[in-house]
Amino acid sequence: MKEIERIKNDLVIANRILAREDVADAYGHVSARNPDDPRTFFISRSLAPELVTAVDIVELDLDGNPVGSESRPLYLERFIHGGIYEARPDVMAVVHAHAEDVLPFGIANGTRLRPVIHSGSFIGAHIPVWDIADRFGDTNLLVSSVEQGRDLARALADHNVALMRGHGFAAASRSLIEVVRMSVYLPRNARALRGARLLGGDIRSLSPGEIEARDREAYGPYSTATWRAWEYWANKCGCGDLLSRPQGKG
Amino acid sequence: MKEIERIKNDLVIANRILAREDVADAYGHVSARNPDDPRTFFISRSLAPELVTAVDIVELDLDGNPVGSESRPLYLERFIHGGIYEARPDVMAVVHAHAEDVLPFGIANGTRLRPVIHSGSFIGAHIPVWDIADRFGDTNLLVSSVEQGRDLARALADHNVALMRGHGFAAASRSLIEVVRMSVYLPRNARALRGARLLGGDIRSLSPGEIEARDREAYGPYSTATWRAWEYWANKCGCGDLLSRPQGKG
Amino acid sequence: MKEIERIKNDLVIANRILAREDVADAYGHVSARNPDDPRTFFISRSLAPELVTAVDIVELDLDGNPVGSESRPLYLERFIHGGIYEARPDVMAVVHAHAEDVLPFGIANGTRLRPVIHSGSFIGAHIPVWDIADRFGDTNLLVSSVEQGRDLARALADHNVALMRGHGFAAASRSLIEVVRMSVYLPRNARALRGARLLGGDIRSLSPGEIEARDREAYGPYSTATWRAWEYWANKCGCGDLLSRPQGKG
Amino acid sequence: MKEIERIKNDLVIANRILAREDVADAYGHVSARNPDDPRTFFISRSLAPELVTAVDIVELDLDGNPVGSESRPLYLERFIHGGIYEARPDVMAVVHAHAEDVLPFGIANGTRLRPVIHSGSFIGAHIPVWDIADRFGDTNLLVSSVEQGRDLARALADHNVALMRGHGFAAASRSLIEVVRMSVYLPRNARALRGARLLGGDIRSLSPGEIEARDREAYGPYSTATWRAWEYWANKCGCGDLLSRPQGKG
């Protein structure tokens, strides 16, 4: 399989995993930067992630315009992806979704979201909360322009995840498999932290050194540990037969 | 397909979505006003929403009487629908259900239900709580007369949702697809608010301007964003093959 | 179908519903008194409710001994059923289970379980908590003798449900369909009450008059409203084809 | 079936049960000591428990080295198993997993995990919390050396379960079926305790005498009560046809 075809194929798996793992519902989207042209990225046309197949993947430039001719409706919030790719050359994949258990951390200011379980380490020590109202006032809360996408990207800065007040989150990573893993463990870490609050007492978060130690490990997309999760989730959502690896990563 | 047939067909989808998304269980019902005669509406005969098919749809007048000859048992609480259609000419579809995570907000007075996530904006800034005991004293809590239906409709007034103390909620909208969307996001918004309370601190609700901004947008039933959810939910509940659009809304 | 066969058949449906609705797991059991002989009752042999079929139903006397020859292992806690049938001539069906969301109310003394939603009214205004340790000291917590079964029945007295500390609950009713309905709505009512506590403020329970008003209504097993739930749950757990009604209840 | 083959077969069932009951996800593992050679144990190669079949079972020594030639990747944390088998000759089976509702008890110090429901008694009266940082400082939190496995085993001491701070738990038992049962009821007991805290007031735990009384009972793997659960869970996860008993345990 050619690398571009393989990435589109992996985007289908990613969409289906996010739906199956309750990260996305009718809404939410995942994209991957074009490895051959950093100024474009691949993402589904406007469609619920559960229903995405390879023919639904379109190529957009960083302003959210289709690269080829494309008459099908696009995601309104494609500017989230363009804004982050523009600001962060290191980022190769982006997820935006509304995973339910993450939402309270963008609404209440009593508990800061941070990693408390090892699988949550990848969300990073600091998770900014972006409020669209700070700069744009009363809106429909959707990131519907290049300007708003850039503002969100500024709030994300060099972090891995930004919460979006009253709306959801944006996650960015150096690979598609890693951004999916981060998006699945983000709500799980949120539930563990909420549970810890319910039990009362002091809460022990991961230390900065622990977060760094995990980042230093080889948890790349084709490491034994990461592939185990990708393979599991792909099978769970009915995409086991779509699994593939790039040449030399077998 | 004739428009009336299309509406009955959409009612089947709506019933199945409400069951699949845990808004309804054995109980709960959804109706659509007859576009050709504002004094009647379509609703299933007495049957769990999960089991409703086109042959189960009956036509009732606003007092809850069948328009044609109908010997099958009807929903006892059909007066909820009649009462709201009578009071609200703008309303074309109504849902009544007992979605579990909404119930606490009709029982405890410590936290007022209101929109805290963008997808919850459609429930509106103010959600009245109707207590059947206020006017009718000790009852079985069911809306079982024209008079009780009218009393509920008075409490709903020009809002989109009314909670019913110790019982459930009634939601009203200008279209069937929108009232289903509102009913699915109502418990999700309730969970986000409950979660925010658990985290402590101040809770940031949607501002009146944000709620209005979302109302102003074209989130009508056949807009790209709304159809995406309807299509997704219909597929999830096994009704993907029943999807249709009115002429000119392709 | 003969009435005894019909009751065994309904017991199969009841077992499967309790499993499907998360009232029972590997453990928990449901029984029906023999309408032809009030001194015996029908119940499955020792088997997870999910797996029960008609051949697994055995007939026991009120001391828990098989009426016919029976070499298969029996439920250890069959004395719960015998004890209640002995003390309560009005009771025709019993459920014992460990539905998860009911358990906390038998462990913590800060919030008394009581009906807060209309579908929970059938659990009754007062729900005693029985602690096996009060009379039997340190045990394995299981009701494993006639004496213990009688003690539990004394605590249940003329109520519909008794909680068993650190263990589960016992529910009793005049019909099998009603005791299943009560057992499904018991944890739902528990969740609504727990949710209300989380929201803070005062909690409005059903009034004694409301509970009575619902008891006065004809919510018998073959009423339109009750059958709707039984039919729905039976279909959900794959037993739709087993549904039947006694003669004259069509 | 030869006993070794039967144990490998049971390990497949155990893996699938842990996945189906949400004890494990992509991660988590279960092992059984070799009954013919206490210095080795059986465990899957690195694979999500949901996907494990008999050909994936490998034999490792207590230092985590494969007994035969084995080129497939192994679980990084196999040292958990080796460390416990080395320290505890009585232990014949070990589970390590990250069941979500157990995690908060390893993070917050306000509520000590202990048995509050009868099915939770097997986790034992005291559940130590092991923090890898106490001896190893900032790590990736994974038990990735013989030394770390031994340290965890020291914390477990003669208890049945140890929580691992910010990570998960390790459970040990005299049989595979029992360690699976304990691992399924551990999160259930955790949820019951969390729920009790939400309700407020005093919380009644199982007494030491009750825990002992349950240990004294014959809840061995082939007792009626325990087999009922194993049979149920095996059927639920699609492994009903794999069920077998050792000779003389029919």
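Assorted remarks:
A, B, C and D label the chains in the order they appear, each numbered from 1.
Keep this in mind: a contact is a pair of C-beta atoms (placed from the backbone, for glycine too) under 8 Å apart; a residue touches a chain by one contact, two chains touch by 3 or more.
Nothing here was measured: the structure is a model prediction, and the numbers come from that model.
In this entry, chain A maps onto chain D through a rotation of 90 degrees when their C-alpha atoms are superposed, rounded to the nearest 5.
Annotation: the chain B:chain C pair of sequence copies touches via predominantly different residues, less than half of the used numbers being shared.
Separating the CA-averaged centres of chain B and chain C is a span of 32 Å.
If you average the Cα atoms of chain A and of chain C, the two centres end up 46 Å apart. Taken residue by residue, chain D touches two or more other chains at 197-198, whereas all remaining positions touch fewer. The residues of chain B lying in touch with chain A in their complex are 116-119, 121, 188, 191-193, 195-207, 209-210, 212-214, 216-217, 224-225, 228-229, 231-233, 235-236. Across the interface of their complex, chain C is touched by residues 25-27, 46-48, 50-51, 73, 76, 98, 100-101, 103-105, 107-111, 131, 133, 137-142, 165-167, 194, 197-198 of chain B.
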